[in-house]
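Here come two complexes built around subunit A, the first alongside subunit B, the second alongside subunit C.
Showing the complex of A and B:
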């Protein structure tokens, strides 16, 4: 009997084992795709939070100085009338036409804000100037996320 | 060498070696002696399994590829939204006065897709959205004789909708709401120039 005969061919078991090992090796590498996707989703939410915080900061310049006080966490979707996010827009000529962030009036934006439970709050310290911390919070993949913007407002 | 082996004749030794080799081969690779390479059935099953795995992985890879394209696109859209907001805010925050839209008579906010304001040089500037091209354009109306001049380059590209909302009793806070392919960007600009 020659050596060539002894080593010829691969058994089915060997092929299956090779495939299983290959699969085990490749699957974790494919997870890289998912990671990059989640990173972009994170940056999307962060970008939104930066815009919201900036919007609040600009709005604080219009409200009376004494009205700048602590504000508890407030949801943007279906939130109360705060003059910043509710109402958000008004294509009409009276307050009755104003659009609030609700499922009926602004469905896409409402769905996004509801999905991530986006909220804002104000933490005000001091008197003149007031040290205002604007906090934007949201929930992303079960984790509480936070963006904070600190501004100083002086009596005008 | 054992005592029994030392008393074997040459014929007996050859026979012993033959049977030893035969038994060893049977023990280690009985199949290898009987068969050379694949059988047709093995080949069929292996090809079938390979096709199945390639099919599953290929489909998964294709869907991931599409997902990656979408993610890249979303990234670009986010950048467009940020860039457009920055370009608008850059000039608007130093503006003197918003001409259109104006807050309603009952002091409620008012929205439009066009914003007209007087910039810090005194020129009247209009920002407006072109839905067909998904662009934000800027146009300068000279403060005196002359024709309005539209900028060659748009302020923002790939923007599906843009709403300017004037808020506050002094008509100096402009709220921005930009959308592009399901993404939203909210911001506001306060005119600081008195």
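Showing the complex of A and C:
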């Protein structure tokens, strides 16, 4: 913009046009913050899914071979006592010490699992070794997400 | 000249160096006695006496002649001494008067102002220079005495401070009803100029011009004005007799009018020096007198004769700032008051008496400093304005384009495209997004994958018939399951159903063209059928997709060597050796290449 133009002032039309341009430019910029937040959430969910799948894989190595069967979709929060996640952990020596994923016992984890409706399922094929496909599903921004992990479990 | 130079000069020097009021200094007594004794000689040869003297002594001689109230003051007018001052010594002369203070020296200059010739103009200029340091109360009489010379008017107007401008206007407005004709027009011009004081600038009189011609431009005389020498003389003769001057040079209102009443005015033939008589005769033809038309108000301490001035319809022509002469010292209108003290202090002259107090008084009354305003930009034409507006629009449109491009980039870059709908999506079928591969995963795919995984178990056990059935089941559930199709082709290949296997591989590549395993086995099929070109193309694509798989590289390099394509084989061999340096087959192929290649 030339010096002469600057000294001549700015018209209302120019101001309106500038505001429109700024709006066009700023709205995507603002969206970047949302995108960044969503990306962080995605990364967090994926990390959660990977961690859960590996936890299940480790658990499968401890359960009896014949007990490794198909498992339909099961919610992690407030799930049934299925021996896989509920109880999630038992740091003590009695059943009363077992930690279940409930709002009272593990409020933060329970809220997170509840918020994203995190579920797991097992798809088992074959025999000795068993081909076990661990599926972790959750809902992220209205979309069904899935993470799968395949392991082979042999008879011990 | 038998007057000893040192005697008069030494007394003048003593008088100058003494302190106190000029009229009460001790050396004045000796000077008065000396002047009385040497009057005859001084009258006849005063000009030769002071010739070669320093300017300050010459001016002191003229001032002493006024102070002693000797008739020498008429014979040896201060204006003539001033007129003999060289141009490069005018500053020294100004310093001389400033050392006494403007209030003291203004009456002297006021008397010199009324003398004919260039000296009066110099006096007017010096008065104008010293005007800024005058107290307000003393300024009015000085202004009054100076209004009647063209240079005085001009210098007055440029130096009249803002605070007294209204007073000057009132003075002129009081005077105006008493005037008529050109005189009224002159006062009207003065009033107009007072309305625009910033356009007025001081004029330093030029000795060469003012010695021969009047300072103010002479215009054609008004018909109502006296235009002849006789008329001018009549006007002068009508003046009242000049009263005797008082014993001491009092303030300007007391002395200036008396001197103005008797002294010849510029342009008059009366008492003109012999060398100027002829010029004055000619000048008298154009001289106008206001005396018979505009009698001076009684309140004004000047005689009507003093009103005789050269006609000047526009004595102070208004100038634009660009045309103005550079302001003289002490009259920088744009300088702040603090940075532009009175001329007496800026020019190094020492003030005596109450000069310093007057200076401070003036500062208190002085107008606020004028702010130097930048000239307004020239008006812009319509074309220029349109061009500026268009350039603004272009700029804004460019910014808009950039903003849109940025927005588009951000939206495309960060907003992942929605996953492709699987081709085998059934109504009501659930779809997931694989969090790692971002591919859609349907329920059908998961069911087909279950069959596929069963087939994999049998394939690992080389039970191709059993595996083939599971793969077929998987493909039947999800026809887009590429791996199942490829594995079905593999099983058929192992079962030596080459054509069926090739069909499955092509089917898999139709769904996913970059699927490396189908390319690889298709290459094998082409090689087996000795379709070298097709085989080579298939191997190339397989190798390009997975360079980390040893078997693909080995078979590709082997085919190149078989076909004698050594140039293409060399970089492939080098890359394979680098990737798999311990692989025996690759080493043998490289040795073969070195052996067979020319």
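Going forward, the second predicted complex is superposed on the first by the 142 of 156 C-alpha atoms of A that agree within 3 Å, B and C clash if a C-alpha of one lies under 4 Å from a C-alpha of the other, contacts with A are read in each partner's own complex, and residues count from 1 in each chain.
Just so it is clear, a contact is a pair of C-beta atoms (placed from the backbone, for glycine too) under 8 Å apart; a residue touches a chain by one contact, two chains touch by 3 or more.
From a predicted model like this one, the values you see are computed outputs, not experimental measurements.
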{"item": "Touched partner set for A:125, first subunit B, second subunit C, both or neither", "value": "second"}
{"item": "Contacts of A:15 with subunit B and subunit C, given as first, second, both or neither", "value": "first"}
{"item": "Subunit B versus subunit C as contact partner of A:69, first or second or both or neither", "value": "neither"}
{"item": "First (subunit B), second (subunit C), both or neither touched by A:103", "value": "neither"}
{"item": "First, second, both or neither for A:58, with subunit B first and subunit C second", "value": "first"}
{"item": "Subunit B and subunit C contact sites that coincide on subunit A, given as residue numbers", "value": "1, 5, 7-8, 11"}
{"item": "Touching residues (chain side subunit C, partner subunit A) in the complex", "value": "377, 380, 384-385, 388-389, 391-393, 395-396, 399-400, 402-404, 406-407, 410-411, 414-415, 430-436, 441, 446, 449-450, 453-454, 456-457"}
{"item": "Subunit C contact footprint on subunit A (complex, rising order)", "value": "1-2, 4-5, 7-8, 11, 14, 17-18, 20-22, 24-25, 27-29, 31-32, 35, 42, 45-46, 49, 123, 125-126, 129, 131, 133, 135, 137, 143-148, 150"}
{"item": "Interfacial residue positions of subunit A with respect to subunit B in the complex", "value": "1, 5-12, 15-16, 19, 23, 26, 30, 33, 36-37, 40, 43-44, 47-48, 51-52, 54-55, 58-59, 61-62, 83, 85, 87-95, 97-98, 108-109, 112"}
{"item": "Residues of subunit B that touch subunit A when the two form their complex", "value": "21, 25, 29, 31-33, 35-38, 42, 45-46, 49-50, 53, 57, 60-61, 64, 67-68, 71, 74-75, 78, 81-82, 85, 104-106, 108-112, 163, 165, 167-170, 172-173, 175, 177, 179, 182-190"}
